[in-house]
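Structure provided below as structure tokens; questions to follow.
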């Protein structure tokens, strides 16, 4: 009991400390680098969503590292979980008719929404990761409704490798045609706020979305098909 | 107004966190953890970070729940055999 | 005037969320907790759109869309886990 | 004026949301909770969002809100159906007030779970 | 022929959703067209329920009419359940009953089941061939035919015309 009261007191203490953070005005004390990003980012890169331009171009190498981490996670899951020899799909309970009909209606729309999110990464709060997760959720819904769904793991890893490959090709193109690795100015910047603007950012985000989506589907498929 | 929402959501998150820790049933704990990330994404939105809010909503409340459920069902199968 | 009524509506919705939380703490079975999660999700979607409207930012509604899709799949996953179809 | 009408619709919607939550508190078993809880909140959300779209019509967010309403109307019944089916399959009993359970009778008759 | 109809219906629905998501600027429309085409090619073989609309004027008029009926039904029964919840004695009389449906097409069946679930007081629990098992919050009759009359008939007479 005493322990719980102490825990409660600690939480209240932290709440009191953290609460003033809500009132901080984010513009009044920024480092010089952040000020530069905010002042020049929109003009230099032509992206309406400043976070996107920082994540994809200024800090593009970090994003490459994050995708590599996700790739290693997928590979680890596939390596650690043993494949099932005899398929025991018939042990699972079949889904109801309503769920499978609803799934076949919803999955195309979910995929379209995922495509919308990752192609509009430079205009809306979405981006490659979020779009990839939405697409993986669509496949998850298919998995939940159809107990005997088979995955083509070879195709998945092929899609994943090709999108990663083209991602790096675009980065290297930036090195030659524009300012540096993963610079988005290899195409014209277009009109600010338009869909075909911000140079290579929509293409990079589409590749990232496909890559993240196929990696997550790989993880889920491995989890389901292993014993 | 925003302050009221922040306080109420924060309190609910604390209660859900206690539930996630102290509950005996693992699936119930997973559901509580899902509630935490659900509300955390509203708080991120209030702090003007829609990018983070979207990521939290997508990954925290959907995908991790499912991965946890898969893990629990694998563990239970092992125990049963 | 209208703003005050909007704020009152948001507070009533928040009160609903607290009640759902009580069912989640108490709920005897997992299914009860999943229902409570469902109700909390729906109230959260309403709150997100409310926040988007009062801060005049359309793009925030994208978060609500993602929310609606993903949490629906979460609830179905819980249901399929319960009936051993996962 | 439009804003006032929108705010009143939102108020009605929030009351339905509240009553839905109250329903899951008061009802005696899982199935009745599902009835009162998740369905009353569907109408509540529709009214809440429609009121906001009406009141803030100058921010032209109505296509998104329409999409959101379509999603909720289509997905919410499916998820509560899946949950109810799972609850019946794992044998959560109906409340003692119930008068009949044809599904359990038929399952007992055929000797197998559907 | 069946495949072609399915393809067109799915493609048009996806384009409408894209316009709802992204607006109707010219560049957006091009992108949406390409994205919808790719997704349609990926899915049109599996999405069997899209080939089941009756695309004649009468069916479309009935569909619009059906949405109104459904809205009115939802509002009416929501008020009934709200009354039920705030009464201190909670006068409920629940049970699971069996009803019959004449609908054959899967899209019609899912819309019927969702309509039943959306009107509070009734919740579809299980479907088996032409029988739906429905949890009813206020059972007035355990007989199949009478239950069918009071739950399903109202929606079915429209859905029969729309989906055949």
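Chains here go by letter, A, B, C, D and E, matching the order in which they are written, and residues are numbered from 1 within each.
The rule we apply is simple: contacts are C-beta pairs under 8 Å (C-beta built on N, C-alpha and C of every residue); 3 or more make two chains touch, one makes a residue touch a chain.
On a predicted model such as this, the values are computed, not experimentally measured, just so you know.
K.L.:
Could you give the fewest steps needed to travel from chain C to chain D through chains in contact?
P.N.:
The least step count works out to 1.
K.L.:
Which chains does chain B share as contact partners with chain D?
P.N.:
Chains touching both chain B and chain D: A, C.
K.L.:
Which chain has its C-alpha centroid farthest away from the centroid of chain B?
P.N.:
E
K.L.:
By raw count of C-beta pairs in contact, what's the busiest chain pair here?
P.N.:
C-D
K.L.:
Identify the chain whose mean C-alpha position lies nearest to the mean of all protein C-alpha atoms shown.
P.N.:
Given all protein C-alpha atoms shown, the central chain works out to be C.
K.L.:
In whole angstrom, what separates the CA-based centres of chain A and chain C?
P.N.:
23
K.L.:
Counting in whole Å, what is the centre-to-centre distance of chain B and chain C, each centre being its mean C-alpha position?
P.N.:
Taking the average C-alpha coordinate of chain B and of chain C, the gap between them is 12 Å.
K.L.:
Taking the mean of the CA coordinates per chain, how far is chain B from chain E in Å?
P.N.:
31
K.L.:
Indicate the residues of chain B shared as contacts by at least two other chains.
P.N.:
Residue numbers touching two or more other chains: 50, 53-54, 58, 62-63, 66, 70.
K.L.:
Counting only residues that touch at least 2 other chains, which ones in chain D make the list?
P.N.:
22, 34, 42, 64, 67, 74-76, 78, 80-82, 85, 89
K.L.:
Give me the residues of chain A that touch two or more other chains.
P.N.:
Correct list: 93, 95-96, 98-99, 102, 105, 113, 117, 125-126, 130, 133-134, 137, 140, 224.
K.L.:
Please list, in label order, each pair of chains that touches.
P.N.:
Going through each pair of chains, those in contact are A-B, A-C, A-D, A-E, B-C, C-D, D-E.
K.L.:
Which stretch or stretches of chain C touch chain A in the complex?
P.N.:
59-60, 62-63, 65-66, 69-70, 73, 76-77, 80, 83-86
K.L.:
Residues of chain D touching chain C in their complex?
P.N.:
3-4, 6-8, 10-11, 13-15, 17-18, 20-22, 24-25, 30, 33-34, 37-38, 41-42, 44-45, 48-49, 51-52, 55-56, 59-61, 64-65, 67-68, 71-72, 75-76, 78-80, 82-83, 85-87, 89-90, 92
K.L.:
Show me the residue ranges of chain A that touch chain D in the complex, using the header's touch definition.
P.N.:
93, 95-96, 98-99, 102, 105-106
K.L.:
Within the complex, which stretch of chain D touches chain A?
P.N.:
Going by the criterion above, the answer is residues 74-75, 78, 81-82, 85, 89.
K.L.:
Tell me, which parts of chain D touch chain E in their complex?
P.N.:
Interface residues on the chain D side: 16, 19, 22-23, 26-29, 31-32, 34-36, 39-40, 42-43, 63-64, 66-67, 73-74, 76-78, 80-81, 84-85, 88, 94-95, 97-104, 106, 114.
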